[in-house]
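Here is the structure we will look at, set down as structure tokens.
A, B and C are the chain letters, set down in written order, and residue numbers restart from 1 in every chain.
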Amino acid sequence: MSFSFSATVARRGFDVSFELAEGETLAVLGPNGSGKSTLLNLIAGLLTPDAGEAVLGGETLFRGRVFTPPHARGISLLAQEALLFPHLSVLNNVAFGPTSAGVKRADALRTARRWLAEVDASEFETRRPAQLSGGQTQRIAVARALAAEPRLLLLDEPMAALDVAVAPAIRRMLRRVLEKRTAIIVTHDVLDAFTLADRVIVIDRGHVVEDGPTRSVLEQPRDPFTAGIAGLNVLAGIRTAGGMRTAAGDELQLPGPADVTPGTACTAAIRPSGIRISGERPAGAANSLRRVVRDLEPRGDLVRLGSDDLAADVAPALVADLDVTPGSSVWFSFEPADATLYATAR
Amino acid sequence: MPRIAPSGPGSVPRWVLAIAIIGALFVVLPLVAMVVRVNWGEFIPLITSESSVDALLLSLRTSAAATALCIVFGVPMALVLARTSFPGQRIARSLVLLPLVLPPVVGGIALLYTFGRQGLLREPMNVLGIQIAFSTTAVILAQTFVALPFLVLSLEGALRTVGTRYEAVAATLGAGPTTVLRRITLPLVLPALVSGSVLSFARALGEFGATLTFAGSLQGVTRTLPLEIYLQRETDPDTAVALALVLVAVAVLVVGLAHQAGSRTRAGGGLL
Amino acid sequence: MTRTKASGRSIRNLSALVLAAAVVTGAAACAGTSAEPAAGTSAPDASASATATTAPAGTITVFAAASLKATFTKLGTDFEAANPGTTVTFSFAGSSDLVTQITGGAPADVFASADTKNMTKLTAATLVSGTPVDFATNILEIATPPGNPAGVKSFQDLANPDITTVICAPAVPCGAATVTVEQATGVTIPAVSEESAVTDVLGKVSSGEADAGLVYATDVQGAGSTVEGVPFAESSAAVNTYPIAALSATKSPGLAQAFIDYVTGADGQAVLTTAGFGKP
């Protein structure tokens, strides 16, 4: 079920187009307010665009005066909150899609039971939504969305409202059910994108700023937001013979692909965990940059030190030993193996 | 569910409690005063007289019919007010709710000028051969007129509280607008629909001014319980107070039953 | 229930009262001394000083049947004008309501009832001082919308089911009178509504909802041009008599009696006749 989409909504400064191949799962990343929800609402038919065109499997969803209402689109929307119908049992929730499509009740219940089994929630079929935990309701919401046999499945941050403890199980389940399925998943979590999506688009202020296969977009980001969400430092500069010269004038030693010729614009992505911190310039380090620490932020068992353009994840003990506080000046060092260099224009 | 406030009786300042008790007494004392005045020895004969029974049955019949009309027209009105937007919507809402603040007598006069023999609709009604004045239909119209806002108001509020998210999800699951209304929207606001209907029924049961002005007063045809009480008051205060007590009892019964039904659907629905 | 002051300017009344009191006490204390300068500020001198000596000044409250509202309001103003220094306050309501209030201790000096039955309740309870006096009568009349569209000419016409007739419920006085006339004539009225009050009957007739209504002659008179009256001879079968009496609880028995005398006197009777009441 291939899908092409192009729409503008003037009052929200929204202008997005992309295509999706049959069976492909697309992750949509972007900061809050970038237009991700607008995108999903436009696709689902809960919002009307000012202009544009969307075609799903040869059927026009909207173009000019043509507008297919939500219930006739064959697109299921799985929201952040499960939104199970509170007055229906779990089984009837899941059977809602089939019965709405006119399937006979017995057949609809059979379909519902099959999907409940698929998401490991068969035991809850007689319960009311109020009697379930967050993880359970989200499983059932997935079953309900899939039981409607959507041609396109939309997922709006399906794991954002869940405990970190249950998210991995739901993610595994989604990975299983999304295989070979045409789907769009809006997420904040780079892990979701890596595990679930074949392709990623990044939206910022209503426009697509990145579009490509998941790995290449997330490992070689050219947009600061993408770098941030991918957890990478990015430095822009000019390719030199041994590496690159950053905009700030620092010379870096980095191997790069042959097609990035010296003198062209290039970008280096550096993993924060690969950056070492020291009070004195370390001897023998390939690349060392002196930076003023702007902030310190605990991250699990590490502390993230942020400067204007580089962030490093270091052990708290080291932070204490070096007596790092905001305003301290320290050396950020990394080896070529912890960085990737690529042409800025892709 | 019999539950005391979670933080115990001390969670409200004492003075608030004191004022609340005075307020409650203000409502309850007049009822007590009425009960005290009832001639209990004659109570049963008084309320089972032919005219009393006629009035009670007429009241129940017309109030039920008025409530049905309120549901038939009020549900779509509430849906349009809560789920659509159109120019002049605020004015439309104010107009619909006007009977709430209008003295019932004024409502009766307005109905007279609409459905009366000399009213606005006299031509079409003559053509159709409809005579509403002095008929039971007139009573039902008067009651519907004053009771309709109660249903619209409570239902519209509930629709806004429930929001449109469940409806949107249902639509993306392939349910058309009518299916969404039948299987999602109405079940979600069922408690409000029940309580709104009860309010409407209670209001219809107590309707007096508009009925008196618009429908007249004839035993078994247009003389509802409040009109019978008003008439008996002139000559037979014992009957009047006995019937008043019956009216209160019926109202309490209906409200109590509906409250039960409401809390049952609430418990089941797990919403609101 | 409506409470009306026969004369609205209470401050002026108060000053008049003080003046009148000064006249009376002055006359008592130094007989022969002319009270002219003091009384000179109020109405015609001769009548003022004459009444001041016969009727005591002060305020009385008259409880009167609702059907007397227009006439008694006028009579009160006239009485005050004729007796400077007096104030007559009215409370108009249904006669049975008023009896309930008086029995309950309401501060009334005079009671004017729309029927003898309610007056009898008070005399039986020994709340009346002296014997009630009949001061007016009232008979039924047919009221029709302006132009009498159904062409009602007689009481017998009301038996026609095609003529939409509204009457009072038998429980209220005008309805009781209607029943009496029906029994006396053998005519049964297929009424479409039996109202609790005369005003409701008039409302249905004046709005054109009903072709005819049975109300009192005074109601037809009071309704002005909104209804037309059709008098009928059979109404003599039910003549409603209005009695008036001073109440035993009054603190101004003299003034109360003066007001009753005024109502039953020539001036009072003239006002009542104009309003459509009959002679007692």
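For this structure, a couple of remarks:
Assume a contact is a pair of C-beta atoms (placed from the backbone, for glycine too) under 8 Å apart; a residue touches a chain by one contact, two chains touch by 3 or more.
All values derive from a computational prediction rather than experimental measurement.
Using mean Cα coordinates as chain centres, the one most removed from chain B is A. Once CA atoms are averaged chain by chain and compared with the all-protein CA average, the nearest chain turns out to be B. Our note on geometry: chain A versus chain B, Cα centroid distance of 53 Å, whole angstroms.
Taking each chain's centre as the mean of its C-alpha atoms, chain A lies 89 Å from chain C. Averaged C-alpha coordinates put the centre of chain B at 40 Å from the centre of chain C. Residues 44-46, 69-77, 79, 81, 83, 85-88, 96-97, 100-101, 128-130, 144-145, 148, 150, 154 of chain A are the ones touching chain B in the complex. Residues 112, 116-118, 133-134, 212-213, 215-219, 222-223, 227, 230-232, 234-236 of chain B are the ones that touch chain C when the two sit in their complex. The touching residues of chain C, when paired with chain B in their complex, are 94, 96, 164, 166, 169, 171-172, 191-196, 200, 203-204, 207-210. By the touch criterion given at the top, residues 165-166, 168-177, 179-180, 183-184, 187-188, 190, 268-271 of chain B touch chain A in their complex.
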